[in-house]
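Letters A, B, C, D and E mark the chains in the order given here, with residues in each chain numbered from 1 onward.
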Amino acid sequence: MVNPSILPLTVTDATVRRRGKVLVGPVSLSVSPSGLTIVMGPNGAGKSTLLRLLHGMERVARGTLAWQVPEAQARRRQAFVFQTPIMMRRSALDNVAYPLIVHGTPRKDARARAATWLDRVGLADSATKLATVLSGGERQKLALARALIRDPEILFLDEPCANLDGRATREFEEILTAAHAGGTRVVMATHDIGQARRLAGDVWFVYRGALHETAPADQFFAAPRTREAAAFINGDIVE
Amino acid sequence: MVNPSILPLTVTDATVRRRGKVLVGPVSLSVSPSGLTIVMGPNGAGKSTLLRLLHGMERVARGTLAWQVPEAQARRRQAFVFQTPIMMRRSALDNVAYPLIVHGTPRKDARARAATWLDRVGLADSATKLATVLSGGERQKLALARALIRDPEILFLDEPCANLDGRATREFEEILTAAHAGGTRVVMATHDIGQARRLAGDVWFVYRGALHETAPADQFFAAPRTREAAAFINGDIVE
Amino acid sequence: ADQMKLAVTTSFHNSGLAEVLLPEIRKDLGLEVQLLVVGTGQAIRLGASGDVDAILVHSRKAEEDFIAAGNGTHRTEIMYNDFVLIGPAADPAGIASASSAADALGRIAAAQAPFVSRGDDSGTHKKEKSLWDAAGVGADARDVAWYKEVGAGMGAALNTASGLNTYILSDRASWLNFGNKGDLALLYAGDPVLFNQYAYLPVNPAKHPHVKSDLAARLETWLTSDRAKALIDGYKLNGETLFTFNAAP
Amino acid sequence: MNEILQGLLQAGRLIVTLDSDLIEISLRSLRVTLSAVVIASAIGLPLGCWLAVRRFRWRRFVIATLNALMGLPPVVVGLIVYLFLSRSGPFGVFGLLFTPTAMIIAQVIILTPLIASIAHQAIRELWAEYHDLLISLNTTRFQRIATLLWDGRRALLTAALAGFGRGIGEVGAIMIVGGNIDNATRVLTTAIALETGKGNFALALALGFILIGLAVLVNLGVHSLSRTEVSDRW
Amino acid sequence: MNEILQGLLQAGRLIVTLDSDLIEISLRSLRVTLSAVVIASAIGLPLGCWLAVRRFRWRRFVIATLNALMGLPPVVVGLIVYLFLSRSGPFGVFGLLFTPTAMIIAQVIILTPLIASIAHQAIRELWAEYHDLLISLNTTRFQRIATLLWDGRRALLTAALAGFGRGIGEVGAIMIVGGNIDNATRVLTTAIALETGKGNFALALALGFILIGLAVLVNLGVHSLSRTEVSDRW
């Protein structure tokens, strides 16, 4: 890339608060320029909030986020797949083309590339459907295509396979691995421990709004350092 | 139960159409009074549509649904957990109490029972939160509590564990098994083959809008009759 | 206090005389007169429907029809004021030196100077039309661009005339009380044909038994009394007398 | 132009001196409009919800008519109400003509379609969101409407406020049925029309500014009252 | 009462005989109102979106004011426009007073807050839905507004139609700035006011019915034109 990398991202003591309650933080961490991080943790632990925080979508009550480039520039090279995919009231094709169009790609080119991406995620047949009528799995596929189409430098994914069938999950993992191999930094939340094992380079274990344990994947799954992480991996009660 | 059972439900040639395209059907099947059916199939195959059809939420273009009691009565004894949980703009507690309140339970009793249910699904701490701020997994837990609180005779679930963590999934399965043991008929769509193996009494395999294969669970997983089902179980390309 | 409703035309209300008379009536008779300020046609309709107890208007023909239709018991002339011709201070048509009202209008027509007409069939409008006819400018001759029928009350028509800087026929009271004079000035007045007779018509209790005919009668007695005469003749605006009391005692 | 300044000054003067006439007609304006808004909301809000919830053959036509009725010319409403309330009309015996009650009736007719139409549009999205759940829970149509009214109350407030805005500035209808009688049915707007007719623009503007100020105050008041439960939404 | 019937009959008669005066003033009504709606929508719709998208300190206050401005008494608007356009006013040189243009200007002032306010409320929900996505995609504020305008076009149509309704029935302002001049600035509503003042209630009602009919037609027309893309939503 000609542009200087936006990574590493350095987070210092960042805290997200709502109505006086701390949802996440204080969190301090560094997101290295390459790698595939899996974020795990119980429901309501704050995984989504943490990802949104990194993506700059949560107002930080305290602490700072520092990219290698100014915030405005950094924003342009990120993408996010939300836990509940947001469907614009347009055709599936237009949904995927939208990020390109708003960033200046001519409409025709954008549509052509969107069509390619729809094909890759297996939605070629649904291109002209209104996105709002898509099935749960189809929505997640669309959201993935929409996030990847701009070839982001860092990609956040929030449980992107929750509604995918077996084959689609496999294909998703292939696409993700390819993107990662192509230099995209990936940070992904998932509850699927099998998938985490398959993909993770390192793991962040979120617990009660804090980054409870971070470790390389093999180490985390083989020998978690904290009691809570161990319980979580076993599907046990994390108290 | 003093009331006559609403089951079995007999479906004859039911078809759901949208804009001239057949989404599901024609489907003919019978839902026996007891059992735990798992609905499987690729993304966009029509699982959600089929469940909604059975629940009476889709206009049938052709064909009939026949319960053992008049439609109006049958509607009262069903519950549905949607693939994307619908959160009313009220507290979590009020969301769960709502079905009781609209069916005549005094507000106080309803709230008390709702609190019990929130506790059972592990949301006791979130009772006073506005439901719309809940995390993905918390929403699914809420939806489950809301569906079970009226003790339905038949319960439809559309990928209810997609966003649940390992422990929550296990607890969910316990609750479901208990309900089933208590006489609730369960029809559930899931993509988690492990879960399907654990829970299924029988399996409906949906493929391209049709009921492609139905079989007792052990038989289905051990030796699927159709090529497509076999491929699906292996996470292969179902073409 | 007793209350009765009296429908009056905008030109009467704009004169400000009502604000002098009503408190006195209240004092003398213990009667609260509620004014409904409406167009002449509407005032007559209100009377015909029995929605008011009496009307005070200035349109003789319509008044006589009102009595003939049995809507009112009788018609009592109370007072008159006069109409005046208003126009741009520069007076492009030169009406200030006209010999009569008809002559003045004739000059306006000849100069094709813009003229605003009430155009609402009110007493003032009817008077204006009769003046035009007298000046030999018939209805067809008035269907031209410089003759603008605005279809509005006296005040609104004056506003329009002020905005367009045109000639207009107004009653003197409305003109004197009017706050938005702009470039306009009073250019011609005094021709006896410009006199404007106001009459009081109580609504017929035989047709509308609920009307307060006793109160209407008391008010009529008061309006024709010397007390009213003194107040009406004595009412001055900018030092000018507006109304002349002419009720038969 | 100058008049606009004078109007502002005069408005200030009227307010600081607590002009008693001004207070009287302002209070009457508020009373008439608020009563009308309450009644029109009681009809219009459920009606709007009902139109969102119910599907029937003529729905599109009813909605278009409702939208069109938002444009009911006030003068026509005034006339029709007048004809009904007139002594020679069917309800003449009640003697309501030229009373604040008559003005409220006319306003209700004007405001109800407006409130219903805005409510309908506000509730449509909420219904789209709740549709599946409420159908699945086998609620009655009445319960659906009640639920939407309750959960959509903040958006519906806007509908009621729009009605208030429309009502407080209305003059055509209440002039005809109220008669603009001093000390009885004169309100801010009819007073403004009266002063305009006299060419007293400064006073008319002063009253106009006071009216707008009143409307802003009511809006702010309602917003801040409903604020507590808002923080998560707006 | 009788007048209502007569009014209906007369309306029918005017329509079947294609009364030329009626056609003229109806067309003028439509022309003035549609022009005003188009201009007011061009300002109000983006403004409403902008208010939904943008968060700033005085937002609540601005919204309350906008709501209050929906209640701008037409007479006051008329007065102010009159003062600006009158020959002694700042824009007097253009000679716009008592022309349809002046009427359009006054209507735009009345309709813009209304349209903006309804648009704001319509777009709020859509923005809540799109918020995360559009923020995440790093769109500019302008793009967000454009996207909301486009994807919310159906709801915004309602806002424009509400504006049309309000405009076509409006009389106070256009009477003052238009002057209700025969053959030049007379429109349906001012004609109605005129006939009412004359006591010609039946004719006034006839014109009123025609006006409502016109408004219904425009609403139905717009709805059916926008129908094609609707089937999945309404």
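The definition used in the following text is that a residue touches a chain if its C-beta (ideal position, glycine included) is under 8 Å from a C-beta of that chain, and two chains touch if they have at least 3 such contacts.
Predicted, not measured: the structure shown is a model, and the values here were computed from it.
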Key: If a chain touches chain C and chain E alike, it appears here   = D
Key: Centroid-based (C-alpha) most distant chain relative to chain A   = C
Task = Round to the nearest whole Å and give the separation of the Cα centres of chain B and chain E.
result = 49
Ask   = Approximately how many whole Å separate the CA-defined centres of chain C and chain D?
value = 35
Numbers and ranges of chain D residues touching at least 2 other chains = 88-89, 196, 201
Message = Show the residues in chain B shared as contacts by 2 or more other chains, in ascending order.
response = 133
Ask   = By residue number and range, which residues of chain C touch two or more other chains?
value = 38, 153, 156, 159, 162
Task = Provide the full list of chain pairs in touch.
result = A-B, A-E, B-D, C-D, C-E, D-E
Query = For the complex, which residues does chain B have touching chain A?
reply = 18, 41-44, 48, 83-84, 122, 126, 133-138, 141, 158-159, 162-170, 191, 193, 231-238
Key: Footprint of chain D on chain E - complex, ascending   = 1, 3-4, 60-61, 63-65, 67-76, 78-80, 83-84, 88-90, 114, 117-118, 121-122, 124-126, 128, 155, 158, 161-162, 164-172, 176, 188-189, 192-193, 196, 201, 204-205, 208-209, 211-212, 215-216, 218-220, 223, 233-234
Key: Residues of chain C that touch chain D when the two form their complex   = 5, 10, 14, 34-38, 49-51, 153-156, 158-159, 162, 177-181, 208, 210
Ask   = In their complex, what parts of chain E are in touch with chain C?
value = 82, 85-88, 97-98, 175-176, 179-182, 184, 186, 190-191, 193-194, 196-201
Ask   = In the complex formed with chain B, which residues of chain D make contact?
value = 129-130, 132-133, 135-140, 143, 147, 151, 232
